[in-house]
Structure formats: C-alpha cells, structure tokens
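Structures incoming, each one as structure tokens.
Below, chain A partners chain B and then partners chain C, in two separate complexes.
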Partner chain A sequence: MEAWQQLRRNFRELWQSFRGNRMGVIGLGLVISALIVAILAPWLTPYSPQQVMRDENGRGLTFAPPAVHPPLGTDDGGHDVWAQLVFGARISLTVGFLAGFIAMFVGSFLGILAGYFGGWLDNLLMRITDVLLVIPDLPLMLVLVATIRQMQLKISPITVLILVIGLLYWTSTARLVRSQVLSIKERQFVARARAIGAGHAHIIRKHILPQVMPLIVANTVLILSTAILIESGLAFLGLGDPTKPSWGTMLNFAFDRNAISNGAWWFYLPPGLAIVWVSLGCVLLGNVLEEMLNPRLSGHHLEGEAHIIKPGEQQ
Partner chain B sequence: MYRTLLFGLLVLVLLTACTTSQPSTTETAPSTSPQAPAQPSTSQEPVTLRVGWPGFPDTLNPAYAFLTESYTMFDYIYSTLATESQSGEYVGLLAESWDVSDDGLVWTFKLRPNVRWHNGEPLTAEQVVWNLNAFIQNPDGWVTNSGYVAGFVEARVVDETTIEIETEYPISNMAYRVSFLYIVYPPDFEGFATPAELQNFTNFNAIGSGPFKLASLDKDQRIIILETNGDYFDGHAKIDRVIYQTFDNSDAMIQALKVGDIDLIGEVPDSAFAAVSAFENVKAISLPGRSITELIINSAPADHDPKPNRNPALEDPQVRLAIATAIDKQDLVDVVLQGNGTPGVTIIPPTLGGGFWFNSDIQDVKFDLDEANRILEEAGYVKGSDGVRAKGNVRLEMRLQYASDQPNYPRTAGMIANWLAQIGIKATPESVDPDSLVVATNPNADYDLVIWGWGADPDPDFMLSVMTSSQYVEGGWSDSGYSNPEYDRLYLEQQKAIEPEERQKIVWKMQEMVFNDRPYIVLWYGNILQAYRSDHFTGFIESLLGIDSFQSLMNVEPVR
Partner chain C sequence: MSESTPLLSVRHLSTFFELSGNVKAYALEDVSFDVYPYQTLGLVGESGCGKSTTLMSILRLLPPNAHISGQVLFKGVDLLALSEEEMRAYRWKEIALIFQSAMNALNPVMRVDEQILEAILLHRLLPREQAWQRVQELLDLVGIAPQRGRQYPFQFSGGMRQRAMIAMALACSPSLLFADEPTTALDVMIQAQVLELLKNIQKRLGLAIVLVTHDLGVVAELCDQVVVLYGGKVAEYGSVDAIYNSPQHPYTQKLLEAFPDLHRPTASLASIPGTPPRLTDLPSGCRFEPRCFARLERCRHEPPALREVGEKHYAACHLLEEKENLLE
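Showing the complex of A and B:
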C-alpha cells in the first residue's frame, strides 16, 4: 500500500512541477485538444466522411476549394475534407493509442521479467529484443500487415494495424524498463522484502512496479507519437482502410490522386498538420515527463560536480 | 480460341496483362511529343520530341512481352504486314494488299518492294515467312504471338514480293491478327535452342524496319532515344528524335510538362486531367478509348478444382441484380474519373469497329437503391439488427478486392461499398497486389467481388475470349470463371463467320448473355487522356491510337 501511496504522491509532485513547465503544458494541450476533436467528431460536422458532396446538378463536387465548400473544401472523391479530418482523428488516435498501450504493456511486462529474474530468461528476452531492433520497422510491418490481410481472418484492417504496430514496437520500452528494474532490485528495500519472505509477484507488484511506473508513463507518451506516425506511414502506403480514412489515408489519396497538380492544398495540408500537431504534442509532453522523472537529464553533464584536478592541486 | 494456345503461361502473364492493359493493345498510353529547339530558325540542332511516361519496357522482344510500354516501342521500331489506321480500318504496312482464296483457307499477301532494315539490309519475303513460321511452329517460345497465329498451318514464299498463309479454317479477323505480328530481324532470333532462351532475350539493341530506329536505351536512367528512320518506306517523320523518359511520380511528370521540360504525356491520370487542361500552352485531349473497368463476381463452376471459396449468395441471380442496381455508374464516372469516361454496359467497348460490335440494344439496369433493397427483400434476404441482410445462415458479407496498382480503384471500392451498405450488403474493401489477385481469381476461385480492368483489342475476339470456359485454366485469361456451353459454342462460331453482319449478330448475342448472367458488371469505359505542348509541336493526329501512335508522330512538326 505504502509504495502505491508514494506513487500517488510522486504523481502529485510531478503535476506541481509539470504545471510550471511551458513546453509540457503546450504538449498536453495539443494532445488533449486532438482527443476532444476525435470524441466530438459527429458534432463538429454535419457530413459523414463517406458522403459525396454534390453541386446543384447533383454531380460529384471534386477538388472544390474551401471558398466553394467551406470550411476545408472537398477531396478527389467529393468528400468534405473537414469531416474526413475530424473523423480521421478517431482512426489515427485510436490506432496510435491502442498500439501505444499494447507496446507499453508488452514492453513493460517483458522488461520487468527480464530485469527481475535475470539469467537465461533475461538472455532469451533480450536476444529477441535485439533481433526485433535490427529489423527495419516499416518494411517488416508492411510485409506483416499485407500477409495478415491475405489470411482472411475475420478482423478489421484497423485491428490488424493496431496489433502489428503494438506487437512490434515494444522493444525500446522493454530495454528501458529492464535497466531500471536491474538497479531497483538491488536496493535494500527489495532485499528486506525478500528477507521477510515476500514472493516474486508481491515484490514486483508492491515494490518494483511503483518505482518504474513514472518511467513507463513517460515512455508511453513518446511511443504514442511513434505509433501515430507509423500508422500514417502505413496508411500512406495504401494499407489503411479506404472506407474509414485516417490522416495517413487522406495523404495517400492526396498523393495518388494528384492533389499537388490540382493545387488542392486544402486536401493535403490539413491531415499533414494534424499529424504534426499530435506527434509534436506527444513528443513535447513525453520529453518533459522524461526529464522530470529522470534527474540525470535535468542538468547539463558539464554543470555541477564536474571537477578537473589540475596538476599539483591537492585532492 | 487463339488465346487458349497460351497454355504454359505463368500467372505472371495474366497479371501483367491485366494490370497494364492486355498485351495486344499497342495503342495505349505512352506519350511522345516533341520539343522545338530554342531557336526557331533552321538551326542544325536535331528536332527532339520529349515524352514522359510512368513505366519502362522490360523487353523489346515481341516473343514474350506483356507491358504496354513494350508494345508502344514495337510500333515505332518494327513493322507488321498490316496495321490499324486512325479511322479503325486495317491498312497495309509491309503488305501492299492481301486477298483470300475462295475457300477462305489461303491468304496471299503482296509485299512492298524495297523495304530495308534499320541496318540497311533489304527485308525479304523469306525473312517475313521465317517470322511467321517461327510463330506457328514454336508457340511455347513465341508466347505472345502464338494466340494470333492460332489456326495458321504454314507460311510460304510465292515469289520475291508475295507470300501465302495457309489456315486450318476460315479466319474472320485476319488483318487484325497480322497487325500484332511484329516482323523481327531473323539473324538476331535464329540462335535460340529453347523457348526459355528465346524469352530471356531482351533485344535491347533492336533492329526493325519501322519509322523510328532505336538509337539508345538506358535501363538505369530509364531513357530511350529513337531516331527517325530516313529509309522508311512510307515517307519519314518531320522530327529527328524522340526521347522517352520515365517518371516515378505523376505529379513530377505533370510539372515537367507544365514548365516545358517534356512535350507530351501519353497517359495523364484522370485525377489530374482538369488541372493539365488549364495549363498554358498545353493541349489536353480526352478521347473515348478501349479500356473497360469491371466488377468481377465469382462465377466459377461449383465443381471447379479447387472448390470456389465465395459467399454462396453470389450464385443467386437476384443478388447479382441487386448489386448491379445499387451501383451508380454515372456517379463513378463523375467522381472517380472526374468525368473522363462513359458508364459501362457490356464487355465490348463502344469504340470497337466504330461501334459496330457494341450491342447498343442492351438496356442497362437503372441505379435505384430502393429497388435493390426490394429485390433482396423479395429474394428472402432479411435485414438483421446490424443492418446486414441474411437468408438462413448466409449473411450478405463479402470481400471487395481491387488491384493495388491503380490509383482510382480505392475510391471506386469506397463508393461501391457505401452503396452496398445501404442495401444491407457488407462489402469490405481490400487492396491486393496484382500477382496475388491473379492467383485468387484464376485458378483458385477464392474471391467474392473484384474491381479490375482490361484494355480491349481493336477486334472483339479477345474480350469475348475472356469469358469462355476454356480460358478458366491456370494461365488463361478468364478471371470470373464464367462457364456457359452455349456461349463457348458461339465464340467458336464468330471466329469462323467471315461475313461481318453475320459475325456481328453472334457477337451481340454473346454480349447479351454475359450482361444477363453478370459475371462482370462493367463499371465504365475509360477515356484516353493525353496532353502535349502546343507551343512546341503541332500536327498530332487525335484518334483511338493516341497522339503518340507512330502515324501521329510521323505527322508532327515543330512550331516555328
């Protein structure tokens, strides 16, 4: 109990100092505003993302500039770009968040196992991590997504994206958590707990987890931005679901359907900026959290204790 | 039937054929337009037409070529006995005239005298006959030619300028057939022992007898330079050189045309056509073409091996009718093609033979979602709580796949899925690479609905052959698996019907059968979209053959 109370206290202190950090607050603001847009999507636009806009003769209104069809014009398929953008936020953020959380769970779990138990388990898990680290992410994911799709499992294309990103992107979390656990498990309070007969599960739950939790939180925020970027990348390469466009899918259509030659900036800029918006938010937030939670990052390595002994000087 | 000779063909064949446009359509897209030299006067600098295109030929060997780009080059470099003219008739090229015996079994071609190869040697009747007999005797090697010589028995030299072709049965479309038999320089092709050796030969230093000579071909830079053949037997072009340059990105290609770095684009994407039309000093051309895009419904026979894997509801004609009723083809043309096409009806595009072969009596199903809902309701498919209809344990839930290499298919799939959702059919769009799609459709019969397209030949024979059951074998052209003995019988009959009106009647009947049975729902006939710099060159011939056809390029001159 006490360790968890300590954790709560830690978070409260964290929030106190976080409020004073401008970058962190901006990052949080960016992420939360995107979340609000995604949640409120149906109330922000009268159109569905699939609906084809029509001119007075009933013909599809394609590549209409914002002046003709406010607020953001239409795309090559005659869909309202603003509707695509706000509904796309749902897909992009859902994939980003779920994949990010899966990566966090897998990474933390394996990191704690490897760090805490050590020995052959550590070796095995870390070698698997190494293998995954050396394979380039994007090509591997491309191949996996394409292959899984062909197997005709009854899962939606978006679920496939979430699983593939989540189950491949846990390596950095695992390494980070493992190294932290390695140091924590040698501390006295763990040794004492063990001495009074606490089991592994108890020690991990009550002592290790609270200690690594802040690290996991900060890391998760960073992984979120990566997951959203990867989702956009895969969707841009045509692996999204054309009926449920995400921001990456929008860019994919803009690229394939010559938005640039048409001068349709309203088609490719908004999804691009939206991706920047969310990933910038996650990166700012994540960096600030990481800095606050990891004291070693809070000062410059040349500041403070560094002291060079000059010849002849007395120690 | 001539396609059945393609027996040994790999999946690859159908694949590339489908994705680029079927191999025998030489008239498709690549574009060429010349660029006038900076100084308008009579400078010594060669007049060069620079063309941008999205692909690059993988071979210049007509024995085994499946990319449209290869055929574009063949038309410039090689000659054929006859060729299709801008107006759609067949005119002599190497042959001055031709005639058939009374029993229809012996064709006599009178050759032009004094034709020379690009290396200066005379082109002889023996060489033409060597070519024809090679195609006839070695169908495993000359795979792409073999279909066009089906039913040929032998070619013979009669005298220096006359040859004969003997056939097994009367052939109704001889001129069309020989228009795809490119005559190659025999010394380059005589030394191959096996079909594989012949097919691996890329002939990137091709010698032909066509209006343009291959000056250089750079595979790495992907640049082809052609020079005008000064010895050509039928006049010579007013430009000196044609340069083909490959662009990986269509926007980059369009920008190059806009700023005048290239003079011609043979294939403008439909989504960019309006933008290109608005460029200054650029003329954009949209003409009805020969391509069709269709929704394929898995129609493989139930006893097909392997067993078809599909939603069993697709076997119900009423479900097919409902799907057809729920597709607004005009809307697809307006939105997906940005207006550059015509709603589709039958498998024969209205441009073939100037409309002679297109069955104009067929009334297309009218788009009506309420009617489609009613048809399904009446057929016993009841809407469930999730909006998906079902009859017993058959839910109307299906895959809607499309080839991943066509930029307008995802939009098409999205719109169709949206309409189908409104009549209680849940179709899941899925992008599939063309290789896998070939195998899924034929021979695996493992699909529900597929969006795909064909480039039709000038003659209806090819499109009709796609629906014959004998093509539904591995390597064959059929993808729907449609099987109808009566249709197969008519197909053979139309091949032997020498009288055009008689053949027309059969061809119309066949279109009607396919239309009613719906292995294909033909979505649209696409236009040929091309553009050139009107301030650099003039004289392009606008026709079905494209402004980059060799006839057109021979007529082009720089703007002074």
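Showing the complex of A and C:
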C-alpha cells in the first residue's frame, strides 16, 4: 500500500514536469493515437484487408483513388488501403514493441551484469557488444531472417522478425546501462549495503536497479522507434509475412506492383507517413524522457532563471 | 562472555593490494590488538596509514585485488577463514560499521527508515511488523522523531544523518561497532553530541567500539586502548593513560606534540616534517626512520619489533632496546 502510494506520487511528479514539455506531449500523443488505432482496428473499418472491393457491376476496383473509394482508395488487387493501414498498425506495433522490449530486457540484464561484476564477464560481454555494433544491422538481420526462413521451422515469420530484431538490438542499451552501473556501484551506499551483509542479488535489486531504471525506460522508448523502422525495412525488402501485412509489407507491395508508375500515391504514402508518425512520436517522447530522467543531460546549474525562495514561502 | 576475554583478537593481520604491473602496495603488516566488551579501542595515525584498511580487512569488504592474511578471532571464530556466505551473516549482525560520511553512505533515493529496516529484514531477525517497531525505537534512541524517518537523507542535517547512521548500525544489535571517523565532517557541537550518543549507547548496550580517528582529543575522551599506526604497522599500543602520559615511540611523541594545547599556546603549530611512506616503496628498516628525529644507524636496515614497555603497553622502536641495554 505504502509502495503503491509512493509510486503514484512519483508518477504524478513526473507527469507534472512532463506536461510542461510540448515536444514530449506531442510525442506521447503520436504514440498513443497509433496504439488506439491498432487496438480499435476492426471498429475503424467495415472491411478486412483481404476483402476485394467491387463496383456496382461486380468488377474489382483496382487502384481506385480515394475519391472513388473513400477514405484511402484501393490497391492493385482491389483491397481497401485504409483497412490494410489500420490492421497493419497491429503488426508493425506488435513487432516493434515486442522486439523493443526483448532488446530492453537483454540489454539491461547484460549491462547490469557487465557493469556490476566487471572482470572477464564484463570483457566478454563488451567484446560481443563491440562485434554486434560493428556489423551493419540491416544486412545482418536480412541474412538471419532469410536463413531462418529457409530452415522451414514451425515459427511464424512475425516471430522470427521479433526475435531477430530483439536479440540483435540490445547493444546500445547494454552499453548505456553498464556505464551507469559502473558509476553507481562505486558509490558508498553500495559499500554500506555490502557491510550490512547484503548479497549481490539484493544490492542489484534494491540499490542499483532503481537508479538505472529511469535510463532504461527512456532508452526503451527510443529503441521502440528503431525496432519499428527496422521491421518496416525488413518487410519492405520482402521479409514480412505476406498474409499479415504490416506497414513495411504494404510499401513492399506498392513498390512491387508499380504503384508509383501508376500514380497511386494513396497506396504508398499512407504506410510511409504512418511509420514516420510512430517513430517520430517515439523519438520525441524518448528524448524528452531521457532529458527528464538522465541527470547528465540536464542543463548547467546556472542555466535559466534563478528561483529565490522568499521567507515564509513553502518550497 | 566475561570482560577479561577479548571479543575480537586481531593477530598478525597483513593486507596488501596487487596493483597493475606486478606492484604490491603493503597497506597493513603484522597488526595485532584486542578489543574487549564495554571498551573502546582507538585507531590513530595520519591519513593513509591503514586505519580504515584495518576495519575493512576485518569485515572483508576490500576490493578483490586485496590479499588479507593473519587471524581475526571474533568470539573465537576466525573471520578470515569463513566463506563469503558465512561472513555475510557476521556483517552488521555482529559487527556494524559507521561510515565516515553519512551522506554518501545513505542511499539518496531511499527513505531513512527503510534503510534502517533493510538490515533487519536482510538478516531475518524480526517479522516485518516488529521490525518497523524496532526502527521507531532506534530512531527514538538516537534522538530523531520517528516521523522524520519517512524523509530522504538530503532532508536531514549533517548531524541527523550521522545519528541515523548510528541507528542503522544498532539495528541488528551488534556486539562490536566500528566507527570510521564518525565525527570528521561535523562541526564541534554536533561532534560532541554524536560522541556523547556513542558513549551512552555503549554503556547501555555493552558494545565494544573500534574508533578510527585522527582527532587525539576524541581518543582521549572516548577510548580505553589506543593503537597508533604508522605506515601500516603498529607503532605503539597501550592504554590511553600510558600512551598519553608516557609515549614511547618517537612518532607517538611527535603526534601528541602536534596536537595544540589550550593551556600552552604556541605561535606555530608543531608538525612532523615529511610525509608517510609510499606503500609501494616502503623503507627497508623502520618505517618512520626517514622522518624520525632520534634515528639510529640500525633503524635504516632493521625493522624494529614490538616490545613490551609496560603493563599491556607495547612500542616498536630500537631506541627502547638501546635504553634497556644501557640500563643493564
């Protein structure tokens, strides 16, 4: 109960300072609106993405502009673009969020291990991180996804995407968390925790994790946008699930089926803008959160207006 | 346990740090002393002479490049022979530590009472409800209103933090308390308060205290026994009376001279020229030899052994031997 109230109070304080930042509020709005669209997808359109639209004569409506078939026209197969877009949001966001969370867990876990225990473990983990940082992400993931696909395992293509992105994209988080842990573990209250007889697990849980948590949260939001972008990239290159089109898959279809030479802008612009919408939202939100929660990025102590407390004024 | 058997016997405690490039820093060598219940032992000496290292070696809280040898008998158990897991049960429950700067030793984002509670729950001494009860009692004992325990360390004054630190040290009812310069960062009034509190608590709970300080006034007021460390070795060890009234080691003599006397003010403060030896490059003879005003030829090559110079009073100096020889 106590802890819950504390959490609520912390949250309220955070919200107070967050509300004052316009960029952050815009970012949060962008992300939440995309989430709402993804959740409410079946109620936002009467059609399914696979349904073929027909005119009064029963002929398929191919490349119908928005004026003919509102709100966003149809693609080359007569499928409703708006329906594809809202259902695609589900796929894109699912892959992005799950991959982002996997990356966060792996990165934080390895970062804390490396930073806290140091020694050969730190060396090993950081060399692996170096190697992963040096290899270009997209080609590596491309090759991995393609190879796993070839192996004909009974895993859905979406799961493959989530795992590959999640398990390769933890490096920056790991580095960030490690450096923070390195500085925290030298603080004297960690020495005190050892002196009261605490073991490693207790120290990490009670003294280290609470202090790196803000950093992890902010970083996760940034990782989300990257995960969504990478998913779109891989899907655009044909590695998505064609039966469950994401925004990237839509772009792939549009490109393959000459939407551009047909002038069907309503086919390729909406998914592109949707990707920009979400990743912009994540980046804005992430940067603001990082600024708020990462003491190293807060300004100089002489910056801004001095706040003088008048006698009798409550702080 | 009777008062005549030591609670803690440190025997031949030596600690060295392995530095990069195969360099070894000898922080402690052959340190021995006894601590009795209800008594306070003072560890004095200049900065870098191994006072805090002694405490940390006993608690085995040094970084992994430290190598500790010797014997630390606590209630008859050699702490240095225990496994890390067994050692953890001794920390705080038997031997608690008051840190030098309470601000840094308290977690800034945890409430003070929760930090006191942490130790009790960690050792599973009491169920949660009773542990809270105990935290309130402890805060009361050190003169902090229990409501203020709900605050964070930065909302405390320096003296309150140190008192909270003492409450924390008492949380598991230890039988031995290490105080690592508990009054260094405090002003004189608060120093007096904290020392008074420590004395009070010792009388009430029968604690043994090991006090690390370089304030000889504090030692005279609080301690029963004194160990004077120089360059990681015991220079002199004896009762407060013996050390203050008839210091035998030149270093102790100089140290006491360097302490200003209100009744005999001098124009300039006395000091000992030179600096303590570098631990990676120790003199081969007596460690104090380069700074000693009474050095002999043999001091340069031959390290002096600890000699008994009185009732439970020991000093390590060649001069004492020479004096004895002369008398014979």
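Convention: the second predicted complex is superposed on the first by the 287 of 315 C-alpha atoms of A that agree within 3 Å, B and C clash if a C-alpha of one lies under 4 Å from a C-alpha of the other, contacts with A are read in each partner's own complex, and residues count from 1 in each chain.
The rule we apply is simple: a residue touches a chain if its C-beta (ideal position, glycine included) is under 8 Å from a C-beta of that chain, and two chains touch if they have at least 3 such contacts.
All values reported here derive from a predicted model rather than from experimental measurement.
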Given the alignment on chain A, is it a clash or a fit between chain B and chain C? fit
Which partner reaches more residues of chain A, chain B or chain C? B
State whether A:Ala195 touches chain B only (first), chain C only (second), both chains, or neither. second
Check whether A:Arg59 is in contact with chain B, with chain C, with both or with neither, and answer first, second, both or neither. first
Going by the contact rule set out at the top, does A:Arg187 touch chain B (first), chain C (second), both, or neither? second
Tell me which partner A:Gln16 touches in the superposition: chain B (first), chain C (second), both or neither. neither
Overlay on shared chain A, then closest C-alpha pair between chain B and chain C (Å): 51
Chain B - residues contacting chain A, complex: 250-251, 254-255, 269, 271-272, 274-276, 331, 334-336, 338, 399, 404, 407-408, 410-411, 413-415, 417-418, 428-433, 436
Please output the residues of chain C touching chain A within their complex, sorted ascending. 59, 61, 88-93, 96-97, 99, 101, 104-110, 118-119, 122-123, 168
What part of chain A is in contact with chain B in the complex they form? 50, 52, 59-60, 62-63, 76-78, 146, 149-150, 152, 156-157, 238-239, 241-243, 253, 256-258, 260-263
Touching chain C in the complex, chain A uses residues 187-189, 191-199, 202, 206-207, 210-211
